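Note that subunit A is present in both complexes that follow, paired respectively with subunit B and with subunit C.
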Partner chain A sequence: MKGFSVERRLMPVDTSLSLALITLLSVVAALVIGGVLMMPFGANPFLAYWQLFEAGFATWRGFGFTLVKAAPLIMVGLATICAWRTGFAYLGFEGCLLIGAAAATWTAMQALPGAVLEGVPFFMFLPMVIAVSMLSGAIWSGIVGYFKSRFGGNEVITSLMMNYVAIFLVQYLVSGPLRAKGDLPVSPRLPENTWLPYLFDGSRAHLGIVMALVATLLVWVLLLKSRVGYELIVTGLNPKAARYGGINVGTRQLLASFLAGGLAAMAGTVDILGVHHRLVDGLAEGTGFVGIVVALLGKLNPIGCVIAAILYAGLTVGADAMQRQAGLPASVIFIVQSLIILFVLASDILRYYRISRVGPAKTTPVEVSG
Partner chain B sequence: MAAQNEEGDPAYSLRQIVKRFPGVVANDHVNFDVRKGEIHALLGENGAGKSTLMQILYGQYGRDSGDILVDGQVCALDSTRDAIRLGIGMIHQEFMLVRRFSVVENVIMGIGDDKRWTVDLKKAADRLRELSLQHGLHVEPDDIVEQLPIGVQQRVEILKLLYRNARLLILDEPTAVLTPQETAGLFVVLRHLASMGHSIVIVTHKLHEIMEISDRVTIMRDGRVVGAVKTALSCKDELARLMVGRDVSLRAEKAPRQPGKPLLQLEGLSALDARGARALNAVALTVHEGEILGVAGVDGNGQSELAGAIMNLASITGGRVLFDGEDVTRLSPAAHHELGLAYVPADRRHVGSLGELPIHRNAILGRHRQFASACGLMEEPKIGQFADALIERFGIRPKRPDYLAGRLSGGNLQKLILGREVMRDPRAIVIEQPTRGLDVGAIEVVWRELIAQRDAGKAILLISAELEEIFNLADRIAVIYEGRIMGIVKTSEATIEQIGLMMAGEAHPANSGAPQ
Partner chain C sequence: MDQGFTFSVFLVAWLTAAIRLSGPLLLAALGETFSERSGLLNIGIEGTMLLGAITSYLVTLWTGSPWLGLLAAMLIGLLANTFLAWMYVQVQANQVVVGIIFNILALGVASYTYRLSMEGVTGPQKVAMFEPIPIPGLAAIPIVGPILFTHSILLYLTVALVAVAAFVLYRTRFGLQLRAAGENPRAGSAAGIDIVRMRYAGVLISGIAAAAAGAYLVLVQVGLFRETIVAGQGFIALAIVIFGRWDPWKVAIAAFVFGAADALQLSLQLFQVGLPPQLLLSLPYLLTILAMSGILGKTHQPEALMASYRRE
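This part shows the complex of A and B:
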């Protein structure tokens, strides 16, 4: 009769301490498995992880790269939060990102020599490009949102299909209307007065990360502190309760689709104006999907999403460095990355159980968070 | 509590059971006996520790200390496997059936024949038929569970236990989901099983059911047993007092009152249910100020659609809703709220509240616009004050505005929802199944509040499947059957038999249909 037994909890635990512990446990488990995978290469896992950490976070230059990668992830993560917390199961962020990238390129091309905006100062250009790009993204996702709110139905398939349309649209644009003179299907290089300024000397970090943080603050206020946010969240939690509370579920979901598209378009904008400085085919690289994962890792909370995005970006940057320095294939780190995601998401189940001592011994149940 | 030997020794006994959960002692040195062939009720308010005790007996929870005796012998019972071997079976409040499987598949699931990989469904079905014939539990072995009504699903659960040769059947709140007819049917079966020598434990907090079905009652409060009595030697009032720990009135005191002018009028209202079938058929009703109009009826006869149609939440196919003489049929639910028409839905957990949000966010559902500043931000201090006032006035426990609504007990959640609607000072309240699943203490609060609202001149439409509630609260009673109003009678002139007949579809002899 003595021993331990696993009991289901009445309610999942939600204290921040146990959540932190569970997350930590998942990450450690993934790192351990990754360490085992490094053995055949004769590498020292501790050293390899240290190099990875150093490259992604501990050097000024590396951390700059991390922030560059994090900015679009945060934008897409915020877009996911707005859509999903309203119950709009949108998956078309990759498409919105591309539309935003194309819109930003087009706007910046108006500042090329001879065009209307030639020589425009950056502080005037920035609000213009934000407006154009967010609007285009919002319209793009709004198409799906409109059909959802008007006719119901499933937005998963339509939003995925729209991604392909956006990919081909960019291919079309760079091979035709926006194509620069030359052999490659790319747009002209954008004028330097439209580039996002670098933040520090010796680092690639650009204004995009600041924009992402401002966006985070705005989304946080909107979602958690405003009336509209309350209506969005209630709609997402339970449309029946929302209708009962006098909330128009259709218009709220439409609004969520606009927000999602606008934010995801900003991801494309910061990539174009901060990194590529021209429109190229294949620039999304799945950011529109990784951003969803980042949002989920952050438990659909804006602050959590920022943390998850920076950690994820740092791992990616570090993986490249590790490959160069330790001679380990980056695929090991990609496996670790995927395992972290898998474990963190799956570890949610641990919140529903507790381990307790059973048997007639006069002991109080032991509280464990896992 | 000494064993009463005249009735034979207990077949199953729990001795000094202690079970602690973090923060609560769910069972505090509990003794409990069930005899062969008896129906034993386990009574207690929500959270008293009934389910925990029964789950210990069924081996689902480990215990911190205490013994389990079967036929006087201390037994090692540490898992459900042990419990089943000892002839113990339990039906949980939420059924544990695989909804897409057939009846027979569900019944044999989990009974491993260790030597074989295959199961003989046909043989099992035959045995099942035999069992169901023997005990008057009619089911078709090949039916798919999800297509069966709740009452039949419950029969499947019982058969599952009998198939495993259970001698002790534990039913946790078995009637919470049943219609009165299904309940009556269940009781017939339980009596039959007891007469065949099975022991039965029925967990409940409904006093009238205990009086009707049980031989003995054990009463629990705050994790302790506070009494074990023979039902025949007790009465409802005594049981209620033991359960709650103080005197409770099971009768609502209500002064006669002259109703005022008609406020809420329904004219030929028809509506569809969620599946698009006609659920409400030309309903005409008038609720006056200062009056409670009760709508009695067996669940699923159009009650939800009636409430939904009034608030324009259901799809209305015809007729009108007049509020103070004005046609409000097609106004949005928000506009209904603003006019002063409040609605307390039957589904507290999924319509009336949002379990994932704290009390203070639930307190403003439906009136959140009043708590937003001109620039669209929520005014947290104002919301906090309002939530505090609501908690204070309606005695919601715990007194913590940041507590998640989903963690509130049913009674406290209902106080939150009713309180929220009452605090907006509406002119009329539509309230659906207000005390379903609540314990006596909470029922008292809800009833008192509804009568206070009526006395304050509000028009109240009370939709309830509990006749006791209707007779206690309503000034007039309308009976709904298959979406039609079968008749309206004054409560002072109505009898339970007459209302019962109308609920079964018989028209009222002097059916006027019109109010008064």
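This part shows the complex of A and C:
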């Protein structure tokens, strides 16, 4: 009698082949479910998926939108990598993003007619706005980092709460101090010399994606090639061992919180200066959370995070196009996106098991060792 | 005299609204208390609330009975959270990530289902709702009567559930085992407690309660379904659990504080007071941050909250 037996492994398989296979299976399974969901709307799933792919990746214009959406995701993903690899389980990226957006708006408003920076050339404005925005974000997340390193507060919960405070702060800013004259609670339109320049003709892709790639390179060097990065990662892997090895765990976590806040603030900055060109309420739309997911899909590695962010952004852009062209609800693609990730996460449990064919029970000679 | 009258009108309007707004928050938070006491942070209650809202809306629309709508919502909450519990407990995936992704999935499913069911229907269709039931006698008491005793059956039930939750958590064997799973799973396991079962129970209770809270929004407050009907109230319930220090009675007070802040900023906008409403809205969050920051000493949270447990 032939059959299969399932055994539990001590460690999960982590060969790149098995990981790739599992990811591929997750994607296919989610796409099949999405295809079934398209049926009631009378759409041809293959055609719809082709349109999605075309819109998100295969046209110059569409890929430009994908890069626009990917830039802030990469920034938040990098922030997640810095924080989480140091063992600082920060979730306040949504708030940092908003603080960065507000800081960038404020800085750019100094270049309005009659203000101090009027007519400032972009190459001088850019370093200024990066500095202001990163500093604001770093201080914002540093509050939580300080609570954690100084008083042992719980960063998961405090950082989640800080997101709400940031949302209300932006609501207050656009309805009061930064409000433009008019009926809507929005800031004035920012002067054009503060906008991130578009990279190519016929595409909305702007300097933000370049900034995100530079940031990726910097984080990669800092985290994986420098002494400080080594200390951060050791702190995350095993705080006790790090302390024993002479690393001040508290200050490393505080440093990680600054890095995370500064990077996440840049996500808000590129969105304001590259897309919205003014501060509005309801700006973040969950980017601060999706960025965490993107970082995890990229296995908390900077390069992996960039790939995951572009794929995720492309799917989102494609979903919008599919909704317009095929009349299909974009919700189908949100379902597919989240199912892919849930399947990848759930398949972790598969990697713990080994399925092997067993032959007919045969009497094996007992080995006598002596 | 005239001013006193205006003030009492304001007070009644404010506190009635406060209680009305805090009802669904309290229901979701009570459930989440069980999940967190068992050691699992269930962020998926936001999405579960939305699933509860769409289920209750459709079932009530089709059957005309809000009770059936509520029941169906709770069933869906149970099913969805069985999946969540499996991901948290058995797969041991990161609880925060699973919760966030589940919320996106739930938004997709709810909006897809709504669109599919409403194909060919024009205009929003209001469903039968739970009407306010003034309690005879008590509702006639000046000021206190209208504030406390003119609500829907779901609010009265939710308030009763606070006592039930406290009793179950502190006075039953089940409650003791559940808390052990969240404080020290290894020791609990050594004492013969099935930690996996307790954690499943915690998540399932939170799922049923969150789905019911979603149904509450539809069947008591709005009568319609919108994709934005929950809009972060699940996350607010998380804050309430923490503000209420994982204790049903304190959670009830916390829910009222959050509801009161929300109601107050609504009425202050009417009265044109110079205070920015956002300050009031953020006050409960600032208090929670202060409480959790460690400045005022360490708060006692469930010791093993968010720590995974593998049977040995």
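Assume the second predicted complex is superposed on the first by the 358 of 370 C-alpha atoms of A that agree within 3 Å, B and C clash if a C-alpha of one lies under 4 Å from a C-alpha of the other, contacts with A are read in each partner's own complex, and residues count from 1 in each chain.
Basically, a residue touches a chain if its C-beta (ideal position, glycine included) is under 8 Å from a C-beta of that chain, and two chains touch if they have at least 3 such contacts.
Since we're looking at a predicted model, the values are computed, not measured.
Engineer: Output check: A:Gly153 vs subunit B and subunit C. Expected answer is one of first, second, both, neither. What do you get?
Structural biologist: second
Engineer: Considering only touches as defined above, state whether A:Ser5 meets subunit B (first), subunit C (second), both or neither.
Structural biologist: first
Engineer: Considering only touches as defined above, state whether A:Leu135 meets subunit B (first), subunit C (second), both or neither.
Structural biologist: In the superposition, A:Leu135 contacts neither subunit B nor subunit C.
Engineer: When the two structures are overlaid on chain A, which partner does A:Val228 contact: first (subunit B), second (subunit C), both, or neither?
Structural biologist: In the superposed model, A:Val228 contacts subunit B only, not subunit C.
Engineer: Looking at the overlay, does A:Ala346 come into contact with subunit B only (first), subunit C only (second), both, or neither?
Structural biologist: Touch partner of A:Ala346: subunit C, not subunit B.
Engineer: Could you figure out whether subunit B or subunit C reaches more residues of subunit A?
Structural biologist: C
Engineer: Applying the document's definition of touch, where does A:Tyr244 land relative to subunit B and subunit C: first, second, both, or neither?
Structural biologist: A:Tyr244 sits against subunit B, while subunit C stays out of touch.
Engineer: Let me test your reading of the model: by the given contact rule, A:Ser338 touches which partner, first (subunit B), second (subunit C), both or neither?
Structural biologist: In the superposition, A:Ser338 contacts subunit C only.
Engineer: Once the complexes are superposed, what residues of subunit A are shared between the subunit B interface and the subunit C interface?
Structural biologist: none
Engineer: If we count contacts the way the header does, which residues on subunit B are in touch with subunit A in the complex?
Structural biologist: 20-22, 61-67, 76, 78, 311, 313, 332-337, 343, 345, 347, 350-354, 356-357, 361, 364-366, 368-369, 371-372, 376-378, 380, 406-407
Engineer: Note which residues of subunit C are touching subunit A in the complex, please.
Structural biologist: Going by the criterion above, the answer is residues 41, 87, 90-94, 96-98, 100-102, 104-105, 107-109, 111-112, 115-116, 235, 238-239, 242, 276, 278-279, 281-282, 285-286, 288-289, 292-295, 298-299, 301, 306.
Engineer: Under the touch definition given earlier, write down the residues of subunit A that touch subunit B in their complex.
Structural biologist: Per the stated touch rule, the residues are 1, 5, 7, 10-11, 221, 225-228, 230-231, 233-234, 237-238, 240-241, 243-248, 354, 356-365, 367.
Engineer: Which of the residues in subunit A come into contact with subunit C in the complex?
Structural biologist: Result: residues 37, 40, 89, 91, 147-148, 150-154, 156-158, 160-162, 164-165, 168-169, 171-172, 175-176, 286, 289-290, 292-293, 296, 329, 331-335, 337-339, 341-342, 345-346, 348-349 of subunit A touch subunit C.
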